[in-house]
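The structure appears below as structure tokens.
Chains: A, B, C and D, in written order; residue numbering restarts at 1 for each.
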Amino acid sequence: MTRLAEAAASLVESGQRMDARGWVPGSAGNLSARIDDETVAITRSGVHKGRLKVSDIIEVGLDGAAREQGQKPSAETLLHCQLYRLFPPVGAVLHGHSVAATVLSMSGAISFSQYEILKAFGFATHEVDVDLPVFENDQDIARLAKVLEPELLEGPVGYVIRGHGIYAWGTSVEHAFWRLEALEFLLQCELERKRLK
Amino acid sequence: MTRLAEAAASLVESGQRMDARGWVPGSAGNLSARIDDETVAITRSGVHKGRLKVSDIIEVGLDGAAREQGQKPSAETLLHCQLYRLFPPVGAVLHGHSVAATVLSMSGAISFSQYEILKAFGFATHEVDVDLPVFENDQDIARLAKVLEPELLEGPVGYVIRGHGIYAWGTSVEHAFWRLEALEFLLQCELERKRLK
Amino acid sequence: MTRLAEAAASLVESGQRMDARGWVPGSAGNLSARIDDETVAITRSGVHKGRLKVSDIIEVGLDGAAREQGQKPSAETLLHCQLYRLFPPVGAVLHGHSVAATVLSMSGAISFSQYEILKAFGFATHEVDVDLPVFENDQDIARLAKVLEPELLEGPVGYVIRGHGIYAWGTSVEHAFWRLEALEFLLQCELERKRLK
Amino acid sequence: MTRLAEAAASLVESGQRMDARGWVPGSAGNLSARIDDETVAITRSGVHKGRLKVSDIIEVGLDGAAREQGQKPSAETLLHCQLYRLFPPVGAVLHGHSVAATVLSMSGAISFSQYEILKAFGFATHEVDVDLPVFENDQDIARLAKVLEPELLEGPVGYVIRGHGIYAWGTSVEHAFWRLEALEFLLQCELERKRLK
């Protein structure tokens, strides 16, 4: 199996899992995996992420341009490429729209503390305070990427765009999914805790 | 495959997806697709939308009357026909009863603002204020259709009948499902946000 | 297929659906169907309702006694038999423990008004006020049945035992499931509405 | 089938069920079954519990050491071994991270009263007050086990580690899952009730 075929199969499966949890309503979300130093496989624009076909995964360069003429990658491709460019270990990026991420991002800053599952992000203990950065939404993705960059360089566990959704990443598609699951779990916990107050 | 067989297969699948999300309890909901300028395929009355058989999809005219004698279309067939009559691009209509749509419709006006997913309805940006009209429920469907019509002509993203459920539509069954999913996502977000207040 | 085999197949499937929605945690719940004027098929004691085998469905008389020596029917068999005895059209009874039914039953009276889905119970309109009776839990099932009987004779849409769960019924297993789904939908709506207050 | 193969098959299935309910995000959770007086089968470290392979279940002694050199059991293996050592009837232990267990453990003491489902833990009636002990989280598992031990000897229905998750057990993997399901049901009910206040 080629690296592209392998990546596509993993992304198709991750999309199904994200859909089963309600994280990719309509054509929301986009999923990618690194193919090599110069190439990324990413979902094309305007498809449902829960019902991806292998042919819905296309190749782009790190500049976000489709390798094959006429193919249209996701509108947010540049945000994926930015992560691959900044962090060589990143092998996959998953972006979804969950209710918890959307609602919390519209209601103030987000941070996590005293959760065991924070160890999934490499912390040695639950006794840490971890911020999940929230950025203002912007339809100009190149401009949004520029705003993100300084904070990305500080190595956050992921980030959220207000009213829009979450970005998570990892060394592989499976690892990125684990981190996405951990972040969504933390967001659900925070949402419940806010309600109890 | 005939146009009817194709429409029926899509509606059966959409019904299963709606059921998996809890949007069609009991025999609630009804689903339809346009066959041609004068004919609509719609679920017949009194069947569970999560376990539709192809034979549960029957043909009606734009006046709501069954093509085949003795067949009984959904009680709300006229609301589907109204959308096909008013909007030539509409190819499918989905109606379900979700908890979020029902509860919010019983608790005031509904509007959405600053959500990225609003772009699914053709807006160029998230920076819009979009109302989801809520109408009083009425067992007289012809009368209800008349009340709806002026507001429908303004091209809403969908509508809700109070204590009853949501109507969504699109150019195809798949497109209508995407818009239904986007609306249900927005309703869940609004319900969560109301609780945080 | 014998009537028992047919009933067992339907009950196994209903148990799976109830499990998928989280209504039968552990060995909670019990499911039955009428076989003939004198016989009822019911789940035996101490099995998981989401993983029923056909052999987990056993026959009892209307007095609740197992037809075959050594078989042990559900502890609440008498509550099922009571419904079959009182109402000849009843063909199936489903009892589950949902979070919504349990929590609402511990927090006061339950009634439904202005919901379209109330029509599933034979009402001609949504403009009705419908009570769902809540009874105190009692480990003495024969005594509990006696307390229930006067209110059952008034023909409620179902009933709830406090901190315990819901009883729903219908003319067939499928019909009973539709009514159970409608009741659980109404309970979820009421739980959400209580939170918004 | 060997006892290990049988245990592994049951644990793989339980992991899938826990994943379907969202109780094992990322690589969270760990699952084990007793093989004999001196041996326990347990999930190895760093695998997703919803997608376990039989080879992800490895053998350890009651001291928590892997039988086969180079294999790395779950970091919390000692907490499993402690339960097998203290309670000879215990045949399986399941640990997951649910939102309800995590959130409630961060918000005070947890106790259950007047729930029918408490009978799943051997109580003769719902009229009991049952505490679910909550312990402070600690990355030193041997030290945590020592803190747990006195309260474990009082025979609780399970326990929760703050911000971390729940431990449940039973005579078999199936029985442990029933008790886990019952505890999670109770925790969800308590979370809902706290919100209504």
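Rule of thumb we're sticking to: a residue touches a chain if its C-beta (ideal position, glycine included) is under 8 Å from a C-beta of that chain, and two chains touch if they have at least 3 such contacts.
Everything numeric here is computed off the predicted structure, so don't read it as measured data.
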{"item": "If a chain touches chain A and chain D alike, it appears here", "value": "none"}
{"item": "Chain C reached from chain A - shortest hop count over touching chains", "value": "2"}
{"item": "Interface residue identity across copies chain B, chain C - same or different by half", "value": "different"}
{"item": "Centroid spacing, where centroids are CA-atom means, of chain B and chain D in whole angstrom", "value": "44"}
{"item": "Chain centre separation (chain C, chain D; CA means) in Å", "value": "31"}
{"item": "Of all residues in chain C, the ones touching two or more other chains", "value": "195"}
{"item": "Residue ranges of chain A in contact with chain D within the complex", "value": "21, 114-117, 120, 124-126, 174, 178-179, 181-182, 184-185, 188-189, 192-193, 195-196"}
{"item": "Interface residues, chain C side, partner chain D - complex", "value": "22, 25-28, 48, 97, 99-100, 102-103, 106-107, 137, 139, 161-165, 191, 194-195"}
